[in-house]
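Each of the next two complexes has chain A plus one more chain, namely chain B in the first and chain C in the second.
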Partner chain A sequence: MAMIEVNGATFTYPGNKTPALRDVSFEVQVGTWLAIVGHNGSGKSTLARLIDGLLPLGTGTITVDGLPVTVANLTAIHQRVAFVFQNPDNQFVGTTVADDVAFGLENQRLDRNEMQARVNQALKEVNMLEFADREPAQLSGGQKQRVALAGALALHPQVLIVDEATAMLDPEGKDQIMKLLTRLHNEGKLTILSITHDTREAALADQMIMIDGGQLVANGDPKKLLADKKLMEDHQLTPTFLVALKDELASQGVTGLDDVTTEDEMVTWIWQKLNSTK
Partner chain B sequence: MMNSRVLFGSYVPMNAPLHRLDPRLKLVTCFWYVVLVFFARGPWTYLMLVAMLAGMIGLSKIALRLYWTGIKPLIWVIGLTVAIQILFSSGGHVYWHWGLMAITSAGIAQAFVILARFILIVLASTVLTATTPPLRLADAIESLMRPLKKLRVPVNQIAMMISIALRFIPTIMEEVSTIVKAQQARGVDFASGSLYTRVKRMVPIMVPLFIGAFRRAEDLAMAMEARGYDPDQERTRYRQLTWQRPDSIVLAVVVLVSALFFLVLAFT
Partner chain C sequence: MSYRYEGSDNIGTTAVAKISATVPSGTTAAIIGHTGSGKSTLMQMVDALLLPTQGEIQVGDLTINAQTPKKELVNVHRRVGYVFQFPEKQLFAPTVLEDVAFGPINLGRSEEEARQAAKETLAALNFPPEQLDHSPLELSGGQMRRVALAGVLAMEPDVLILDEPTAGLDPAGQEELLRLVEGLHQRGITVLMITHQMDQVARLAQQVLVLNGGKLAFDGRPADLFAQPDLLEQNHLAAPQSVAFANRLKQAGINIGAPLSLSKLAAKIAAQVGGGHNDE
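Up next is the complex of A and B:
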């Protein structure tokens, strides 16, 4: 079943002549991790905002869980879609960690006991329970993003949109968020949309779409798309380390790399080579 | 954290009896104390006020030295008011006069009254801010304002504004220091020059600060919307104030002491 269906979505920012997004169509199945990639200003964030109804769609249709994204359905859409933004500071609404996680629950008018249980559970999930009473000024960027993720998870959403959530973090913070997303994905039901220009992050997804100049230029298996050197170059994306390494090895005349599609497989492959030459 | 402490009195984190009381009770009692200060007349009532204050300070378990830091920044205001009171009031025996100015016995007496009121009020409000974190105080204000909803006062929105303002004070302070450092790195000197040039040098701090604040506001609004915030909708509260037995006891004590105060006032 398709969780998200986007059909001919077009959007122009007020005051602009050229649309930020032009005739984009794709589907995401329940439980899929979709990576939306593209360079800065390609329109990928605009697309994410349209899916959550944070911007009004120009023409075309978008449905989430069978519900069309329209003004009348906004409350229902916000209950199904949780959003984590890029800037760790500017999405921290609450005065303490627990308050921030509870913010969305207060909006849904949940009962105090239910809120407490969900706040604790969500904070446990992102490993921030012991920080519940801290103020945002006492947290690192990575910790703030984990709190933002807890705030999103506490809502029990069906779709989680992560818009460049690791772009402002140090490598360690980035790693923690990616591990969390992988775990959530492996648990099953959550549909994840991660917007990124980091191709390494995209490699973790099940499906990948590429946006350039507001248009959908590719939709498919990230392993295949990321290996397509011409496609990546055409749309100003840096190839992943794996692809770059394979490329370099191939240019040195090394063969037998065709079946290697992940970094783990590459490590095994290199080990085998090293052992066999001993 | 540090910054918010500097700005809002000086909350002293402790677990004293006064810290644990309901912030609404503390806020109302503080107001009520100020009212009593203005009713006080004659040595007995003032003595009672001092005793009440001593009781509050005792229950706060905070060192007297910290209360002194509460009064210190106000010493000029207090001094000036007292001086004006001494020099410009009339009545009673005249000790000295020059033009409009005169030192009289009534003036000195009045100055003492003003000095006493000032110190009592400042100390009482320091007890409040030292034992109550700003956030709890904001909760108390919201809770006490709730009846105003009937008069269509947007209490929820005001409470949200106060809590967001408290939340962003440290963030904005941090940004100010970043901007100041960035401008210093470009060779701006904030320490020297006349007052006018120094004020003029604040402009390159204010402009990026305001632009940054607007960008933040836009991001924050979108994040709040994404999490289902609707200003016109009723929301439930995660942080709740609970009235407990010690609160009732303290309230009873406050009522009794007030009754005694007015009795003494009536018979003197």
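Up next is the complex of A and C:
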């Protein structure tokens, strides 16, 4: 069943002539992890904001969980979709970390114990429970972003949209968020939309769409799309490490790498090459 | 030197403790360490935005310690340019040129001189001259960051501190910025760069300082750091991609050392599979 259906979505920012997004259509099934990639200004963040109803759609339709994203349905949409933005500093309101995570729950009329339990559970999931009583201002960027993610998870959303949320994290923090997203994904029901230009992050997804100049230019299996050197170059995306290494090896006269599609296969290929020439 | 943050509870947390290090003039040094390790605190002390609670800091012939009077700190601010994270958030003037000229005017230069300095700095950063009259807010993310950086460089600092300069930029914008940092190095500017990107450390830095829990865990060449997987792990750091791949080959019994770039990695692999000899 489709959790998100986007049909001919077009949007133009007020005062602009060129649409930021033009005739974009795709579907995301329940429980799918979708990576949305594209260079800055490609329209990928606009798309995510349209799905959450943060921007009003021009023409076309978008549905989330069968509900059209319209002003009338906005409350229902926001109950289903949680958003984590790139810059954590813009999303803090509470005086303590726990207050901040609780803030989003205050509209949901939960009793105090339930609220407390959800806040603690969410902070535990992002490994920030010990910081519950700290002031958000005292946290580093990475810690803030984990708290922002906890705030989203506490809402128990059906769809989680993360907009370049790991761009500011150190390798360990990034790894923690990636593992967390992977775990949430494996648990099944959460549909994840991650906007990213980190190809390693995109490679973890089940489905990938590529946006350039406001248009959908590719939709498919991330492994296949990321390995398509021409597609990546045409849309100003950095090739994956594997593709770059294959390229560099080819330029140094190493041949026979066409069937190598993962880094593990590359290690095996090199090993076999060494052990068959000896 | 050390620095304690005073929390609202008045207990305070020691943010960096007893760090001693020297960065020679003209060096690009990477300041790395996982979240909360004290990198930003240390850099704020170098620019005298924070004064050390103990110890002292020398920037050129200037000395900063807990007793340094406030009016002397201005001299440090003149020597050291600090480009904060997401510096484009602080762009405010109606045009690019006025935004960049603001710093030199603040340092007491005439409007004419300041505009000249701004034009020269922007030209040196390959900023398109026809966009000098544009609003900085109309520019792309990469261009906005370039303008913010020009605003600091127009004050002609000897030392430039960059805090995560490529954060939030797309790959094309990141590449542009890294080339720019390489250019600064060639111009003899001392660059202190806070980064989480180990590939940038491998590519740009001659010296790397690793902070962990406010303490200095390593001070030396990137090649020496990345050749020590245990040290990286203790400090919650990753290896650059080429080193990480070489480490996987090592686990398969193929030792090609710790190549710091993709081309070095490919050369080492080519030498092996081509049947050549590897000297390292």
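Miscellaneous remarks
One rule holds for everything that comes next: the second predicted complex is superposed on the first by the 245 of 278 C-alpha atoms of A that agree within 3 Å, B and C clash if a C-alpha of one lies under 4 Å from a C-alpha of the other, contacts with A are read in each partner's own complex, and residues count from 1 in each chain.
Quick note on the criterion: a residue touches a chain if its C-beta (ideal position, glycine included) is under 8 Å from a C-beta of that chain, and two chains touch if they have at least 3 such contacts.
What you see is a predicted model; the values in this text were computed from it and never measured.
Using the contact criterion defined above for the overlaid structures, shared-chain residue A:Gln143 touches chain C, although it does not reach chain B.
By the touch criterion defined above, A:Met1 lies against neither chain B nor chain C after alignment on the C-alpha atoms of chain A. Contacts of A:Glu135 after superposition: both chain B and chain C are touched.
Looking at the shared chain after the overlay, A:Ala72 reaches neither chain B nor chain C.
In the superposition on chain A, the residues of chain A contacting both chain B and chain C are 87, 135, 138. Contact residues of chain A toward chain B in the complex are 49, 52, 54, 75, 78-79, 81-83, 85, 87, 89-96, 98-99, 102-112, 115-116, 119, 135-138, 151, 155. Across the interface of their complex, chain A is touched by residues 5, 7-8, 33-36, 40, 85-86, 140-142, 164, 167-173, 196, 198, 236-238, 241, 245, 248-249, 252-254, 262-263, 265-267, 269-270, 272-275 of chain C.
In the complex of the two chains, the chain B residues touching chain A come out as 1, 3, 135, 163-164, 166-167, 170-171, 174, 215-216, 219-220, 222-230, 233-240. Per the touch definition, chain A reaches chain C in the complex via residues 39-41, 86-87, 135, 138-143, 164, 167-173, 197, 236-238, 241, 244-245, 248-249, 251-254, 263, 266-268, 270-271, 273-274, 277.
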